[in-house]
Amino acid sequence: MIDKDIMRDFIKRSLQEDIGTGDITTLSTVPEGTKISGRFIAKESGIICGIEVARAVFDYADKSIEFNCSLKDGEHVNKGDIIGTISGDAASVLTGERLALNLMQRMSGIATNTNEAVQKVSGYKAKIVDTRKTTPGLRVFEKYAVKAGGGANHRFNLADGVLIKDNHIKAAGGITKAVEAARRNAPHTLKIEVEVETIQQLNEALKAGADIIMLDNMDNNTMTEAVKIAAGRAIIEASGNMGEKDLEEVAKTGVDIISIGALTHSVKALDISLKFD
Amino acid sequence: MIDKDIMRDFIKRSLQEDIGTGDITTLSTVPEGTKISGRFIAKESGIICGIEVARAVFDYADKSIEFNCSLKDGEHVNKGDIIGTISGDAASVLTGERLALNLMQRMSGIATNTNEAVQKVSGYKAKIVDTRKTTPGLRVFEKYAVKAGGGANHRFNLADGVLIKDNHIKAAGGITKAVEAARRNAPHTLKIEVEVETIQQLNEALKAGADIIMLDNMDNNTMTEAVKIAAGRAIIEASGNMGEKDLEEVAKTGVDIISIGALTHSVKALDISLKFD
Amino acid sequence: MIDKDIMRDFIKRSLQEDIGTGDITTLSTVPEGTKISGRFIAKESGIICGIEVARAVFDYADKSIEFNCSLKDGEHVNKGDIIGTISGDAASVLTGERLALNLMQRMSGIATNTNEAVQKVSGYKAKIVDTRKTTPGLRVFEKYAVKAGGGANHRFNLADGVLIKDNHIKAAGGITKAVEAARRNAPHTLKIEVEVETIQQLNEALKAGADIIMLDNMDNNTMTEAVKIAAGRAIIEASGNMGEKDLEEVAKTGVDIISIGALTHSVKALDISLKFD
Amino acid sequence: MIDKDIMRDFIKRSLQEDIGTGDITTLSTVPEGTKISGRFIAKESGIICGIEVARAVFDYADKSIEFNCSLKDGEHVNKGDIIGTISGDAASVLTGERLALNLMQRMSGIATNTNEAVQKVSGYKAKIVDTRKTTPGLRVFEKYAVKAGGGANHRFNLADGVLIKDNHIKAAGGITKAVEAARRNAPHTLKIEVEVETIQQLNEALKAGADIIMLDNMDNNTMTEAVKIAAGRAIIEASGNMGEKDLEEVAKTGVDIISIGALTHSVKALDISLKFD
Amino acid sequence: MIDKDIMRDFIKRSLQEDIGTGDITTLSTVPEGTKISGRFIAKESGIICGIEVARAVFDYADKSIEFNCSLKDGEHVNKGDIIGTISGDAASVLTGERLALNLMQRMSGIATNTNEAVQKVSGYKAKIVDTRKTTPGLRVFEKYAVKAGGGANHRFNLADGVLIKDNHIKAAGGITKAVEAARRNAPHTLKIEVEVETIQQLNEALKAGADIIMLDNMDNNTMTEAVKIAAGRAIIEASGNMGEKDLEEVAKTGVDIISIGALTHSVKALDISLKFD
Amino acid sequence: MIDKDIMRDFIKRSLQEDIGTGDITTLSTVPEGTKISGRFIAKESGIICGIEVARAVFDYADKSIEFNCSLKDGEHVNKGDIIGTISGDAASVLTGERLALNLMQRMSGIATNTNEAVQKVSGYKAKIVDTRKTTPGLRVFEKYAVKAGGGANHRFNLADGVLIKDNHIKAAGGITKAVEAARRNAPHTLKIEVEVETIQQLNEALKAGADIIMLDNMDNNTMTEAVKIAAGRAIIEASGNMGEKDLEEVAKTGVDIISIGALTHSVKALDISLKFD
């Protein structure tokens, strides 16, 4: 579940962004006390996600709104399916409508996208994971959607994972020195991951004792070789424009992890509408 | 330009999201005082956007970073073009890198997308405009990107535009009553827009004196008829899954405005990389 | 109604301002568990306003406080009238007392003031509206009070209305160019208002297609002429020290709108007291 | 001086309130790079106040704005006097204009008002002081203005002064018990003030060792008697609708302090304009 | 009691510090819906404090948690005593556990420490008070704990007490001038305290009318003399490394107040554990 | 280094806590423009820490303050050593003084304390690490001080380390199931740590593939046995009231890590004073 406090702060900020000093149309035209009810309908097939967030949005807007939904985040919906129903004070419901839809559509788009990737590698050991290429401000929501779609999460931020890239290697004076520095300075609770571009670098990283090795933009043959060389001494992660690759072929190389930035940086929202009765 | 304070608060929050308690990899492996320099490169052709935001990100991270860029938001780049250069303290540059790239890629994706739509309707009077289907927290950035791509903006929030939809009409007791209520209660500085689904509703809205009329999900023939009936008495806006329509055909109907949610809700990021020297 | 979130943030900040690290007098002298009850009494006649805000203050301080009030914002009270009653935990009630009174007195002062202006122009078509000359931090409360007194609102902030003044005209290169620039760049949902000082400027603004024209500091005769010239082509707004003018005479000129900064910038609080039993 | 952090947070919030998502008029009509200059002019005589706050507003908006002012807060201005000059980027100056003027007008109104009261009691020992009847959110600014006008400050919030009123007395079981409780529980750095309505209560408060005694709504004769009885054993403060009393007569009673809520709750702004060149 | 709003903001911030983007261990291993119950046990004897804060922590984390405790802040516990019991949703309880324990242990440590000091001077009139040497961010909690231990509070911040030290004296041009300046400029509701290092300074401070005199780092004999000289004309406060002094000997000098920085700056936490059933 | 933004927010909040509405003593007695200079002096020997934080405090208070210090965090000071010098505007320096001292004293106390522990185990492979038993709000500062004293850091929050304790084990249905669940659900970048109380649990954890095993409250003999059994298959961490143990004896058991809550939960501040010239 997404942390309640992070969610609440996000909803508050987002509603303020959407409402400004007040929903002048509703305030001007809808008599106080008007009730409204409606249904959330999937306009496309996919994996639904964001139901709990939408619930929190309406709860924030007005605790007396009734939002009923038998589906759970991560379940499949078909075009035309009713996702849930809502009823309550018209002004309150209309206040939360746009934010709830924007979030559900985006999160469902990510979950659906992720699930397609997961399906492609089913039967292989490779896990599909996300990256830090998330929308600023929405990271926990987008990473939650990746999990809802059957994927797994890479680190959440720069503090909860060590990932040594070319710049770190250059600054530290080589892979070996970089790994040693990380082992000396970083908390012992974090694994040490090294990004490599060649088999030679792979060998150095293995020797230095890296826990995870990210193969950056390698072709499938080289990756297959890398997996053999590693032989279980480190977790092997395939990376680099994976959104445009044939994922099954990548999985066949034997890598443990495939990380895909496009899961979150190029999202096609799932079409969901709120039809009022 | 984007308001400096909104931008600053957003950057602060986003960096905190990305950094957490500290960039443990850089802190562990990069010696204090290490310098770094690099170039931002377009990996695809498109409209560049987010340069000023990226500049603000690096300025926030460390005022001594030098970020040089001769391009301006809204200009065209070709694949392989150098967008700008950066140099400064390695830890500071690496801190801002991900956020700056995430924003530039997303904003450039929106600007490119918008520009394609604008090109399609060039020669017609129709303006391409955005909607409130933006990513929560990023509205001012996404609407800025729409303008950079040659589009125009619809209202920014529920307070700076009156848009009477079916629920408002139902609650108010009809289009005429809704328009009257809005005219009585909303500030006189706002135009009154009414969403209609039929020619009959259009006629009622025109008679009630609506300033703008949104044609919701009408086919092109009906829209052509609507434009004729309106005859300049109101601004006519085409709306409803416009992202999937042939925009030139829509423009031929003679509408003044075409609003497209997909400009911001389904964004393919433009691929931009930061290559260090 | 005032947005719940804006109200809540304001109350939090204001209570912190008034309480500091704690109400040391009450904490020192009032035994825990002491109950208190009292009545809010109008010490002057006028229009009551701020009841809902006061309710929110006490609700914020302690949800178990009972605040009963049969009056509604905008109703008339006579000197000596009981506005409402309150009962609950003494420390909680005393915590909210000063803020609730400060707000009710100020908002009632504004509503009363506005209502006097509205009465003066009754029988004419002119609406009484406010300006941006509000107390920093209290704009939504003060504009709400103007409506409670029978007035209407001008724009809430610089984003939800276009008002072209002399500096904009000078910078843009004339009224015509300024109006064109605004029409090109501002959202199509906003009307374009131009401030003019002479009949010549009025003519240029009308020709440029301004939606609203503000007559700045014109005498009544000139305003009468302006109204005739405009002949319904634009909304005409009288402005400039209107707080010191004979409003009926202004209304007689036929203007549509009279905007008065003094409604909010020079407020005499309505005297209201909280008498404990 | 006003605390820099409190001032900065206040300015940030207030500018956000006034600007919303952006000054659409200026953004639409004023070309980037346009410069502007102007003069602040007193349209009425009075005591000027808020110069330092205005400077901070413009500095917050844009550090390159030049704001020159030879006057200091608390000095007298005559109608027509130039208070200061400003020059800089047009968009930045127009951004800060309204907030700076709103604050200067309000603070100067308070300072002028206070100074009139101070003049009335000059020659007597009575000090003019403010109360907690300030505008929510503006307390430090309004109390600063009272000092600029020659007055003094009562406590800033409920934590930095003990003021025992009738409710505390009732809850504690009498004046003596309340004073004892306060002496036992409150920090020894705070004086203990008791509000009394009768000579009998005055005697009890004196006997209990109150440091300050507030005479609530007493007539002048009774106050004269009270001052005699106290005979320097406590500071004597006159209170209760002092804004409507003949202050010289009150001062003649010999009280040490006259506290006036109207100094801040019913403010007539001093008219100040910013005339651009 | 601690102000509810200060407490709530503190808990929110502290939980965010402790939780980051989510309690990954609990989320990963504890099935949703798991219940848990346990007991808070004193592992050492002392004065318990922080119960109400712990209650607020768990209430913030999840309103459905049941936290029962018959003890009150300030009561004595023996090693092995059960302080209270808790039951509820496992994830919620585990979320609040560390913060609640950290606070209770620290506050109980302070209360216990204070109480030992208070016991040492029992029989003398001297009060034990704290200083501003508190942990940043925890002042109200630590000062509350001092009271729970039987001590009293010095000023809470620089605004609610006048304490003239050597630098102020030097800048003002002597004790007499400093006291006069404070009397002229500070609110009349605050006592004026002067820090002195010699008998000569004491005499000057008394003559200047200081309300409180702080004897800074004087030996006991000099303090005895100081008390005699003051003869009740001012409150006398002993100060300066009092944490390392024989407090009974200090009390024997006859001072009214002994202020001890070590009460809050060098705290040994009281060992408290939460044992789950 | 500590993240600049976290530091800045903390300083802002802490200064507001210490200053309230203003330093009334300084404002009342110190003439504007008064300059001051002084030296920070160690009153005890130890490891200095907090210099960079103190610098940030004074920089925040007033950028023109000069704070010079040739020492670095982590260096040893002897009683009487001058740590650094400061000069600047008196009011600004006095504003930051208390906060800077409170932080330096506390952080130096922690660094000194940690360093003593590190010295005791020098010659053994065991690293001294901290825990989450930090002061709420000060975690990054306290963990930074532990490093300055030669220690290392355990996880910073619940998101950047998996630590499976008895409650998680019970809820998951045993150690094996808990480790499997963590491996399935937590990011692959985090090591999995399991807390065990018996050799039997140790064996189960090793078999389940735990990366780190925390020995909770085991005696030294059992720990020696545990280290032998683990034989390098997992990192072994000793834990449980280590602050009261003979650390050299613990180190002799061969554990890799000794985590000590007392490093941060029971801190004796290092005495540092700011002597003005």
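We just call them A, B, C, D, E and F in the order they show up, numbering each chain from 1.
In the analysis below, a contact is a pair of C-beta atoms (placed from the backbone, for glycine too) under 8 Å apart; a residue touches a chain by one contact, two chains touch by 3 or more.
All of these numbers come straight from a predicted model, not from anything done at the bench.
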{"item": "Least hop count linking subunit D to subunit E through chains in contact", "value": "1"}
{"item": "Starting at subunit B, fewest touch steps before arriving at subunit C", "value": "1"}
{"item": "Self-contact between copies subunit C and subunit D, residue sets same or different by half", "value": "same"}
{"item": "Interchain centroid distance [CA atoms averaged], subunit A/subunit E, Å", "value": "45"}
{"item": "Length of the line joining the C-alpha centres of subunit C and subunit F, rounded to whole Å", "value": "52"}
{"item": "Where subunit D touches two or more other chains, by residue", "value": "19-22, 27, 139, 156-157, 159-163, 187, 190"}
{"item": "Contacting residues of subunit D [partner subunit C, same complex]", "value": "10, 13-14, 17-31, 34, 36, 90, 94-95, 98-99, 101-103, 105-106, 109, 132-139, 156-169, 171-172, 178, 181-182, 184-187, 190, 265-269, 276"}
{"item": "Contacting residues of subunit C [partner subunit E, same complex]", "value": "12, 15-16, 19-22, 27, 32"}
{"item": "Subunit E residues within the subunit D interface of the complex", "value": "127, 129, 152-156, 159-163, 187-191, 193, 211-212, 235, 256-257"}
{"item": "Complex contacts: residues of subunit D adjacent to subunit F", "value": "1-3, 5-6, 139-140, 156-157, 159-160"}
